[in-house]
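Each of the two complexes below includes subunit A, the first together with subunit B, the second together with subunit C.
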Partner chain A sequence: MNRRQFFKLCAGGVATSAIAGLGLMPTLAFAAPREFKLIRAKETRNNCCYCSVGCGLLMYSRGDVSKNVEPSLFHIEGDADHPVSRGALCPKGAGLLDFVNSPNRLQYPEYRAPGAATWQRISWQEAFTRIARLMKDDRDQNMIKTNAAGTPVNRWMTTGMLTASAQSNEAGFLTQKFARGLGLVAVDTQARI
Partner chain B sequence: MTNHWIDIKNADVVVVMGGNAAENHPVGFSWVTEAMQHNNAKLVVVDPRFNRSAAVADYYANLRSGSDIAFFLGLIRYLIDTNQVNYDYVKTFTNASFIVREDYGYEDGLFTGYDPKTGSYDKESWFYELDDQGYAMVDESLEHPRCVWNLLKQHVDRYTIDKVVNITGTPKAQYEQVCQVIGATHANNKVATFLYALGWTQHTKGAQNIRSMAMVQLILGNMGMLGGGVNALRGHSNIQGITDMGLLCQNLPGYLKLPSDKDVDLQAHFEHHAPKPLRPGQTNYWQNYPKFFVSLMKSFWGEAATPENNFGYEWMPKWDMQYDVLRYFEMMKQGKVNGYIVQGFNVLSSLPNKAKINEALAKLKFLVVVDPLAVETATFWRNKKLFNEVDTANIMTEVFRLPTGCFAEEEGTIVNSGRWMQWHWKGANSPKEAKADGEIWAGILAELKRLYAEEGGALPEAVAALDWQYVNPANPTAEEVAKQLNGQDVATGRQLSSFGELKADGSTACGCWIYTGSWTEQGNMMARRDNADPSGKGITPGWSFAWPANRRILYNRASADVNGNPWDKDRTLMEWTDGKWTGIDVPDFNSKLDPQASAKTGFLMQPEGHARLFANRLMAEGPFPEHYEPMESPIGTNPMHPEVITNPAVRIFADDKAQLGDFEDFPYVGTSYHLTEHFNNWTTHSRLNAIAQPQHFIEMDEVLAKQKGIANGDWVKVSSKRNYIVTKALVTKRLQPYVVNGKTLHTIGIPLHANYEGLTREAYEINSLTPYVGDANTQTPEYKAFLVNIEKAEAI
Partner chain C sequence: MTQAILEADQIPTQNLAIIPILAPAPIAVYQKRAERLAKLAIDSPMVDYLTLLEQLVNMQVSLAKNADFGAMPSFVSGQEMPFSIEHCGDNQYWQVLLLELISGLLPVVSEQIAEVLQTLGQLDQAILADYGNALRRGEFSRVPAQYSLFIWAAMSVYWSHWAAKPIPELTHQVTDHKQLCPVCGSHPVVSMIKDKPRTGLRYLHCSLCETEWHMVRAACTVCDKDDKIYLWAEQEKQASVRIESCDHCHGYTKMLFTDIDPSLEAAVDDLATMYLIKYG
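Right after this comes the complex of A and B.
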């Protein structure tokens, strides 16, 4: 029994004994109540991705972790154990499930050719190969190795990068290594604006 | 935040200014109402609009957007005049007693050293007078005419209440009342906290807005205290963590600096960033800079970083000027940029002057958009009637749109405003072929490494050396990277437990020194979930990990006086008893020092160990704040000094200057803000949020609406010198006209959430209106005070 089922049982118990105490106990009931919808769900802890209060989340997915079963989220609520948010979510956080499952989520790598009016679907390898080629050609042509004073500066200014402030630290560190390791100086994030 | 969310409950006075916490951080705001209900705290809200925070405030004062500094300099004058200064605190912990150089001065809106040709300052004179040992000279009696305290008194003396309210438009009685309520917290047992957000940063003098408030907190003795501090309520969920990661044009992780051309070699870089102490007996923590930097280089270049090659220092790019995003889009518009990678940032809908952003993107050879959602940036080339009218066939940019997972589909850490590093777990797979961000960089990098190995090219050794030795290089795990961020002993692989263990000889590797202790030999400290609060003061030491060193309240030495006695027994954080320090938090000072010695270095990151009322050479426009008008001033003058109207150190490009509007054509103050149902344009893709708030609108006051014949719900055209939008009008009492410098002013409130690719009703993006000019220090664009006009329009 998990915590939620325990609370449910306790609450039900109090109500039942109160009704019995008043002499209102029904004689017999055959219709089973609707099963608690989270009962077979997997619970995962996370934090809201919007503002930086960092409210705790409980996310519920279906799928029993067996092979070829894709877990999908069907419910997200506040985490009552979280010391800041104490189970609450704001109107943004309350809609999180609809962001995760938004019809506007991107699903495949896509490419728009010069002058074209539409996307075409491509494979990841096609994307990596083409992007790496474009980057390398630009880097090789425009890398500034030394400045006028002869100091090694190794900066690549003709390509830049704008990075996300909703990515995790770990993704952010990989982003930083990728950017500076290649010599990029024009790197910024939402903290700038 | 120097403090954290729960700590707000310990405040006596909560000031919400430059933000609207009730609307934008509603769950965090529950700690404000907690303070009101259980600590008898008073809530003060100062804002141009009677907003949702104001609706529950004890005291509300309105002010014209862009006049906050005048508000604060008047407050500082009032505190000094009415003797509501915590002098013991000010003398112990601030640089009030420090003597400033003789050649420093201020006159008529300009500090010494201004060069009108370059529009910038030579800051040489903005510094302390030094003795022969290189230490700053002080006068603890505060009598020296050039000590910081007397210069400050002189500087604020011009800001009488009458002059202030003439600039801010605040009714005098409201202003006096707010001064009184805040002033009362100068007492040792009264504490105020300030909560702010983009309402302060998005001005051409945003950094000085915040400094003005920080100075007030020092004068009142509210820094380092339970229930006090300077508390930025940050925007994105991990904007704190990504700032820690140094993803800004001149930064590296842990607030280390990307080398500049002046740092000709590693030694020069250290000399510029590891300062010498400015007073005797200093902890001067940044003297450890070389240890942090070399350890970072080891995490970048791995085995290839050796003492012989200065740990790969020369492979790092050096900057010659600040390539912030505003400068970079200007360069892009001029055709100087070929490629751009945009990760999770809807830049077309958010940077100022959308037309300029469109023009710049169309000059790129290639654009790579990495995002979980179908954002407007990726389709900047698509013609969309009314909302994005472009000539698709003539836009020659190659565009890639790469799908990423989202928070629910990964594990890792995000850092909240209170510096809590909270670990989260994966609950679902990403849709179809979407990949994690790191996996995408890994894919491109693997190709680049292969190409450079095969073909050679520019600086191939850096590409080869870049360390990517993860178990699966194509998809590094969050656990591996988190351990790397914490830091390891290179020889043994042992996880370090404190940044005190870091070395400058290459024997330690560490991705972000302030994170050391977050993943030790004991395991993942960020995943801890003990919510116990043994002190009852909201310090939950077993919940996640707060950087640095799991410290919850920064500068906590200042919670006790020079002898180590807490200013307020009920707010004991650190206390000197029986010859040692005890307390409920991790000390933010060397706890081996006695109270007197540690008080001298209470702000231990500073080479003088004292908090700065006088900023020395750190700020672009002066060591003290001064009132300057927004770049588009609704009164066209500066009542303090008509010759210097706007911030003299602002950087503005010629084409943007030509697009600044005049108050005669655009008489109303435009200001942007958020609604509680939406997060920028992100949530327009979430159906529930789109249903809750489907239609963009602007807000205007009843007086102006009547003048213009605009009724509630009418369509209106709002225009600036840049462009226009057509939207609906909400006529409201929440906005009221102001009288400023003898003139009646009206504010047009403009919610930000407007786009055309989401699930909400299609709308003009409001960044069509905003001016392309930023704060003189940070280059954060001026979204909060610009000029617009308004008229009735046909429905769209």
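Right after this comes the complex of A and C.
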């Protein structure tokens, strides 16, 4: 006997028959107080990605897995079973739901020209090309190749990089290689924002 | 979940380790159960049944306080599920409790139920022992339906009295099986999301000995998988009673969020929300 059968038995069989056996079966005992459809929420365990602590989260979302339905997140709470955060969340973590569902959330690259008052949407290709162009120009102009003593160095001081804060070791390694390979000195994570 | 806000000096003094098994405090459990039954009986279409249950649970309170439980049932220290039917088939003392239960109930119940109780009280010891064993094995249909409630109630008083004894000796290895009660091997009634000892932890509540044991949330209580877990609720987003289902094994367990509604009681609120199963 598995659990489902057990509960079916308990609920539909034993309890009801026990009540009936005692002559106490009311007509309405097992009728729902009102007709309703149960709301189904997917329960998922995840980590907060906003700093290197990586607090545990329980996330609840609506919507099935069908392709034309966008799942929507409606509740986030601290995961009490998590060995590090033990259910606690900082103010930023406690406000995660509002980040995710924010109407102001950036969903595509945007560009504001110097002096312009408005942002305009651009394609990812345009964004990558523009960033690469500006980085290259800035690096070509400002790269420091030797220090005052004439020792060769690899310093690009005029651009900084903000990286993700909850990465795997491997992603961290690649990030470091990329940043230091370019000569970037100012590297930080977005945990400080 | 309510997020506790702590003062800086309170944070290091908290004991945050997860306690894997919570021993039952039978008197407190039954008292709370009786109070909850009394509250729910008002305006319930099941008022007759709930009132009977309240009388029954009040008898359990007085038995838990005063009854003679005899010698402690023997168990092998550290054994997995030491009081399960496989290891511990004691059938003496709960029968004494059953007779006390019956004699306590007879003056307060209706004639029809008194008749059932009298017949039950006159059954042969061997038959009662057989009924008790059948219920503990989950063979419910082998026991006449009108008797099972009272037999189970008496067994529950007995096993909840002794359940605390073997718990300190249960090691991590033998409590790894989360599906069944680590003490008596019975099925859980519901998941309780607790406010104490630590907010937000899930404990499964034993249907027989009232022991509670910890199980990680967002994982199936039947097959332990964690990637297709769904919670079903009525209109409210954060309902205090929800059903957790698993799309792998199609098993489910009710979850009572006592951090949202502290008055919830495992057995009573399982009964009171029985209609939810129709939609499961």
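Simple rule for what comes next: the second predicted complex is superposed on the first by the 98 of 193 C-alpha atoms of A that agree within 3 Å, B and C clash if a C-alpha of one lies under 4 Å from a C-alpha of the other, contacts with A are read in each partner's own complex, and residues count from 1 in each chain.
The rule we apply is simple: a residue touches a chain if its C-beta (ideal position, glycine included) is under 8 Å from a C-beta of that chain, and two chains touch if they have at least 3 such contacts.
Since this is a predicted model, take the numbers as computed values, not measurements.
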Which superposed partner A:Val69 touches (first subunit B, second subunit C, both, neither): neither
Partner chain(s) touched by A:Pro152 [first = subunit B, second = subunit C, both, neither]: first
Touched partner set for A:Leu89, first subunit B, second subunit C, both or neither: both
Which superposed partner A:Phe173 touches (first subunit B, second subunit C, both, neither): first
Partner chain in contact with A:Asp81 - subunit B first, subunit C second, else both or neither: both
Subunit B versus subunit C as contact partner of A:Thr44, first or second or both or neither: both
Between subunit B and subunit C, more extensive residue contact with subunit A: B
Footprint overlap on subunit A, comparing subunit B with subunit C: 42, 44-45, 60, 81, 86, 88-89, 94
Subunit B-touching residues of subunit A, taken from the complex the two chains share: 42, 44-57, 59-61, 70-73, 76, 81-86, 88-100, 102-117, 119, 124, 127-136, 138-140, 142-143, 145, 147, 149, 151-193
Residues of subunit A touching subunit C in the complex: 1-4, 6-7, 9-15, 17-24, 26-33, 36-45, 58, 60, 74-75, 77-81, 86-89, 94
Residues of subunit C touching subunit A in the complex: 1, 3-4, 16, 18, 45-49, 52, 112-113, 116, 138, 140-141, 144-146, 148-149, 179, 187, 198-202, 216-218, 221-222, 226, 229-235, 237-238, 243-244, 249-253, 271, 274-280
